[in-house]
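A, B, C, D, E and F are the chain letters, set down in written order, and residue numbers restart from 1 in every chain.
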Amino acid sequence: MKISARNVLKGKVKTIVAGAVNSEVVVELPGGAVITSIITKASVDSLQLAEGKEVYAVIKASNVMIAVD
Amino acid sequence: MKISARNVLKGKVKTIVAGAVNSEVVVELPGGAVITSIITKASVDSLQLAEGKEVYAVIKASNVMIAVD
Amino acid sequence: MKISARNVLKGKVKTIVAGAVNSEVVVELPGGAVITSIITKASVDSLQLAEGKEVYAVIKASNVMIAVD
Amino acid sequence: MKISARNVLKGKVKTIVAGAVNSEVVVELPGGAVITSIITKASVDSLQLAEGKEVYAVIKASNVMIAVD
Amino acid sequence: MKISARNVLKGKVKTIVAGAVNSEVVVELPGGAVITSIITKASVDSLQLAEGKEVYAVIKASNVMIAVD
Amino acid sequence: MKISARNVLKGKVKTIVAGAVNSEVVVELPGGAVITSIITKASVDSLQLAEGKEVYAVIKASNVMIAVD
């Protein structure tokens, strides 16, 4: 499946914190930067996410803001 | 200003494409990866964005999805 | 690629309206209902979207609201 | 109230899973497809949502992505 | 229709800028503050929005960030 | 830091409800209106949010919908 979302960043799951409904999944990119994601706990189970697993962080361009110092 | 958005990635503006209402701003990260953002044309003007300018791509964690192969 | 977004609805592209930066893509579901999407023009080109093409409308659960009469 | 969100799909609440802050509400559409939503627990209470209740799933067009096989 | 979105702010349309696909609608709140919205041009037409019209700005709580100085 | 998000509303934290992953933060604006936000619990801690603290509610324009009666 190829998706319209413009940002697809490859990395590895670093940590997962599970709540009742949502879970926080931290993805480490190759350079060491991390991307934090909130997805449903059901998706964590469905995708069989676990620490160390290779994943993609996927972000729709309209959800990216720009800031300057 | 410090923001609750968990993802703040430093980079440089690579390209800007302006529409009547929205503009597409592509940010190049240090490692060469790019992040594409859609923000209003008014914000591009207000932040005085231009190619080469140092900026941050800012993303709320609830807007990040995870995908696997 | 399998994605964490909980809502993946199969349909066919009904219409595409292109702007300078964003395009509006209307997807018709099997039952005749339509889903309207705004994605970048670059994604319309990259996915080679055209009327009649089989596609999926993909929606993160945190972006779905509930209303009652 | 009439809203700018382009996608308003009528269905019935199938299941509700409550967390401390957010709840997951699954809506079944007439054809049997389901739409999963994450809203606050306070909204579930305020709208008096319960299994079987007729509701609408409401989605802003800019939050819909398109994918192809 | 009553919606799960937690933030519904009453105001008046101050300005509308139309693009090919999206329009920017600025809403003035009673105290003089303004809220800027990007919705589709089709919705501006469908809701018959015009300067001076009484409207509500509607925001899902998961789309609100918090910042501090 | 100056951000592209068009809506930055100054107020004070009125209440915080913490979940395992997300927290609900209610901000009271000067006129008495309230804005409800869902952010991660980690951000509540990181920004040292507490009742009475001066904060900004920040909202990207593409996440604001318009409704009419």
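Heads up, the rule we're going with is that contacts are C-beta pairs under 8 Å (C-beta built on N, C-alpha and C of every residue); 3 or more make two chains touch, one makes a residue touch a chain.
This one's a predicted model, so the numbers in the text were calculated from it and none came from an experiment.
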Key: Contact distance in steps, from chain A to chain D   = 1
Ask   = Going by the contact rule set out at the top, which chains touch both chain D and chain F?
value = A, E
Task = Would you mind naming the chains that touch chain B and likewise touch chain F?
result = A, E
Note = Check: chain pair from D-F, B-F or A-C whose contacts match over half of those in A-D is D-F
Task = Name the chain whose C-alpha centroid is most distant from the C-alpha centroid of chain B.
result = D
Task = Specify the chain most distant from chain A by Cα centroid.
result = E
Message = Rounded to a multiple of 5, how large is the rotation, in degrees, that superposes the C-alpha trace of chain A on chain F?
response = 120
Message = Shared numbers divided by all numbers used: is that above or below half for chain A and chain C, i.e. same or different?
response = same
Task = Report which of B-C and C-D is connected by more C-beta pairs in contact.
result = C-D
Request  = Could you tell me the distance, in whole angstrom, between the mean C-alpha positions of chain C and chain F?
outcome  = 30
Request  = Just give me the whole-number Å value for how far the CA centre of chain A lies from that of chain B.
outcome  = 17
Key: Rounded Å distance, chain B centre to chain E centre (Cα mean)   = 23
Note = Where chain F touches two or more other chains simultaneously, the residues are 1-6, 19-20, 22, 24, 36-40, 42-43, 47, 56, 58, 60-63, 65-69
Inter-chain touch pairs (all) = A-B, A-C, A-D, A-F, B-C, B-E, B-F, C-D, C-E, D-E, D-F, E-F
Key: Footprint of chain F on chain B - complex, ascending   = 1-6, 37-40, 42-44, 46-47, 56, 58, 60-62
Remark   = Given the complex, residues on chain D that touch chain C span 3, 5-9, 24-25, 27, 29-31, 33, 35-39, 43, 47-49, 53-69
Note = Note: in the complex, chain C contacts chain E through residues 17-20, 22-24, 36, 38, 62-63, 65-69
Message = Which residues of chain C touch chain B once you look at their complex with the stated criterion?
response = 1-5, 19-22, 40, 42, 60, 62
